[in-house]
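Each structure below is given as structure tokens.
There are two complexes below, and they share chain A, which is joined by chain B in the first and by chain C in the second.
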Partner chain A sequence: MIKIDNLNFSYSKHRVLFKDISMQLSSGHIYGLLGKNGAGKSTLLKNLAGLVYAQSGKIEVLGLDPAKRQPALLQQICFIPEEFHLPAIKIDSYVKANAAFYPEFDHQYFADLLKEFDIPVGQKLIDMSYGQKKKVIISFGLATNAKLVIMDEPTNGLDIPSKAQFRKIMASALTEDKCIIISTHQVRDLDNLIDTVIMLDENKIALKATVEEITDKLSFKRLKEIDETVIYAEPSLAGYNAVMPNYHQEDSKLDMELLFNAVLAEKNKLKPIFN
Partner chain B sequence: MEFRDNKAIYLQIAEYVCEHILLEKWQADQKIPSVREMAVTLEVNPNTVMRTYELLQNKNIINNKRGIGFFVAEEAVANVKSYRKAQFMEDELPIVFRNIYLLNIDFEELQTRYNTFVKENF
Partner chain C sequence: MNNTFDLHRFTLLLKRQWLEFGKIFLITLLVATGVVAAFYALTLLPLQELGYISDQLRFREPLFIIFGFLFISIIASSYFAHLGQKSKAIIDLLIPASTFEKFLAGFFFTSILSVLAFLLIFTITDWAFITYIKSYFRTGDLKELAEVKTFFSKNEIGTFAPVYVMPFTVTSVFLLGSAYFNRFHYIKTAICVMLFSGAWTYIVMNVVDVLLSGKTSINLGNNGKDTMEWLLFSIIALCTLVVLSITYVRLKEKEV
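Now for the complex of A and B:
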């Protein structure tokens, strides 16, 4: 679905974001893109959607170069940005103006999603709260039936019930032919939805592994005391939340926040485990 | 369903399915929710549910009838019991044993308590 080869990107000479990044993503997965503020999550997503251009390297999405912005590709990309502007029109006018660009747009699915999200159809977009607008563009994006779905912080601004609805909608939206990439800081909102973790740090892909690979190699445990086998640990009420090599083939539950901090703090210990 | 912190999600979903079978909410030859339906209900990635269903197929607890869906296997209850028993022996019993040892609990006292427990609950 997506092939990135030796991508180099910087906004200026002094702000290099990616140095020779390469990776491949396939359909049938929900990828979770993690990274510190400013690590380049949004920029990577924009590269995939053809919204910014890399200095060198190659990106292929469905066999095409997104930077060329060919309609054949753009109609297969749904991009939900973190910040967006919607015009002062009603939802049906918005759909009339925009759905035509997506040959596989499903009006019934769009109506179902709005209903699931509890959005009043007759309302003007400009009179809606940020969270409601977000739900409209998420619904529109999914209804395009695009093969590549990119979402930048989709749960930002959603209230508590909407987050559960969002998880249900995404669980049902993933099909064999779709590739879904979600960047997020709110890992607790989404950790059971994500099947593959991609982590950006220091201009590189610090980690790209499926949840299964991660829990195969690492064990996430609560410990009373820590010893030298522990790779990374954080104190908690009951002792420590720890990451250690999975010596005994245990099936622990991936703690994505703990993994994130472990990758930032103990890159050198983790690298050999995943190579 | 509320997920716990310490066990892989796909195993917790397996427990959830096994529990439904033991409680006879789902009976032999009955169709169980599809991968997608289960993923939506539990708000998890469909690939995780697929992993659970593959595990349960290997344990002969469910069957995949191609094109139709997943069904509770003929001998599911017996197979759930032996699967759960193996898990109990491996994961839970060592913790119970450790406490019995540390707290000097007498086996006879345990036997009496066990008998009372069974009488009161079953």
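Now for the complex of A and C:
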């Protein structure tokens, strides 16, 4: 669905974000895009949506160039930005004005999502809280039935029950022909939701692997003491939370936060494992 | 699917844009109507103290030109202004319509609708006041009353034909400013226009000075006034098209 070839992007000569990035993303997956602040998560998403232009390299989304901003492709992109503005109108007016642009917009699904998120339908968008607006825009985006769903920090501003609802809705929204990319720094919000992790660091893709692949190759354990086999460890109340090679094909649950820190701290040790 | 222009999509876009831009437009139009009416009222009322009526109505030409300029330039300057704000720009740029349709919608609202709306409010206000004056002085000096005409019947429409492109030039420049700058669109555009026109006037004056120094004019009827007017019209029309093309390219290249 998405093909990125040798992407180079920078905002200025001194602020290079991506150097020769290449990767492919397929439909039927929920990708979690992780990275430090300023690593370029949002910029990569914007490149995919055609909101910024790369200096060189090629991006193809559903066989089209997003930089051309063709309606045929825009109909298939649902982008939930971190910061957004909604007009001072009611939800039904908003839907009336925007839904017609999306040929596969599902009004019933939109109504169901609003109900699930407990959004008061008659209220004006401008009078809603940030979290409520976010739920409206997420519901609208999913109801467009776009094939590419891009979400930049979607759980920011959502309260705890809403985060659980969000995870449930996203899990059910994934179909065979959809590709969902979620960028976040709140990795725990995406637990059990994403199936592939993409990590950006130092202008490159530091890691791109499915959760299955990660837990096949790495083991996440609680240890009392650490030894030389440990790739990365963090002290905890009961000893250490450690990442180590999964030599004995043991089952362990992916600790996304620990993996994230391990990738940042021990890039060189992890690289050979995933190559 | 036509990715450049589709009438159905364009109609949807006009409807969508009206939801946001319509409010700004209507409020500005309301203010403009109020200002024009107030200008007429303050100058003409009370009618019993009015002097020679035709003289008193001379304020209309400057009011039409200056206020008309302000109205259409403010409208044009606000159309793409939201693209300077990330939170508004992302959703707008990703609406499934082509850049050409988005540009055309901008042209429609700023160059066509705003110009027509201003002409309409000016015509109605002018007609209302002139009708009122005529009915009030019905029994007075008939000769003087016959000279009191509405703005557009007093000024022969054909006389000013070459300058009719000017509203489009103004709106195209301010529309470009709204797409080009991220903040303070109106002020920045106005400053650019001032600098550019200053430089342009300086160059033209000097070139004319160099070309015509030591030469005497030959009387050829109207001295080629008509030709010059239409030449000027062509140059301004061409500049307007160039500015509109730059606006389109700028919109196409807009990044968030």
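Basically, the second predicted complex is superposed on the first by the 275 of 275 C-alpha atoms of A that agree within 3 Å, B and C clash if a C-alpha of one lies under 4 Å from a C-alpha of the other, contacts with A are read in each partner's own complex, and residues count from 1 in each chain.
Basically, contacts are C-beta pairs under 8 Å (C-beta built on N, C-alpha and C of every residue); 3 or more make two chains touch, one makes a residue touch a chain.
Bear in mind the structure is a predicted one, so any value in this text is a computation, not a measurement.
Peer 1: Based on the superposed arrangement, let me know which partner A:193 touches: chain B (first), chain C (second), both, or neither?
Peer 2: So A:193 only meets chain B here.
Peer 1: Is A:29 touching the first partner chain B, the second partner chain C, both, or neither of them?
Peer 2: first
Peer 1: Can A:267 be said to touch chain B (first), chain C (second), both, or neither?
Peer 2: neither
Peer 1: Per the contact definition in the header, classify A:208: touching chain B only (first), chain C only (second), both, or neither.
Peer 2: neither
Peer 1: Quick one: classify A:167 as touching chain B (first), chain C (second), both or neither.
Peer 2: A:167 contacts chain B only, not chain C.
Peer 1: Would you check which partner chain A:46 touches, where first means chain B only, second means chain C only, and both and neither mean what they say?
Peer 2: second
Peer 1: Name the contact category of A:185: first (chain B only), second (chain C only), both, or neither.
Peer 2: In the superposition, A:185 touches no partner, neither chain B nor chain C.
Peer 1: So in the superposed three-chain picture, is A:19 touching just chain B, just chain C, both, or none of them (first/second/both/neither)?
Peer 2: Once the two structures are laid over each other on A, A:19 reaches no partner at all.
Peer 1: Going by the contact definition given at the top, which residues of chain A touch chain B in one complex and chain C in the other?
Peer 2: none
Peer 1: Quick check on the complex: what are the chain A residues that touch chain B?
Peer 2: My answer: residues 28-30, 164, 167-168, 171-172, 174, 192-195, 211-212, 215, 221-222, 251-255.
Peer 1: Across the complex, what residues on chain A touch chain C?
Peer 2: Result: residues 46, 49, 51-53, 68-72, 74-75, 77, 79, 81, 83-85, 87-89, 93, 97-98, 100-102 of chain A touch chain C.
Peer 1: Once bound in the complex, which stretches of chain B touch chain A?
Peer 2: It comes out as residues 3-12, 36, 39-48, 51.
Peer 1: Taking the touch rule as given, give the residues of chain C at its contact with chain A in the complex, in rising order.
Peer 2: 1, 3, 6, 9, 12, 15-16, 19-20, 23, 82, 85-88, 90-91, 93-99, 252-253, 255-256
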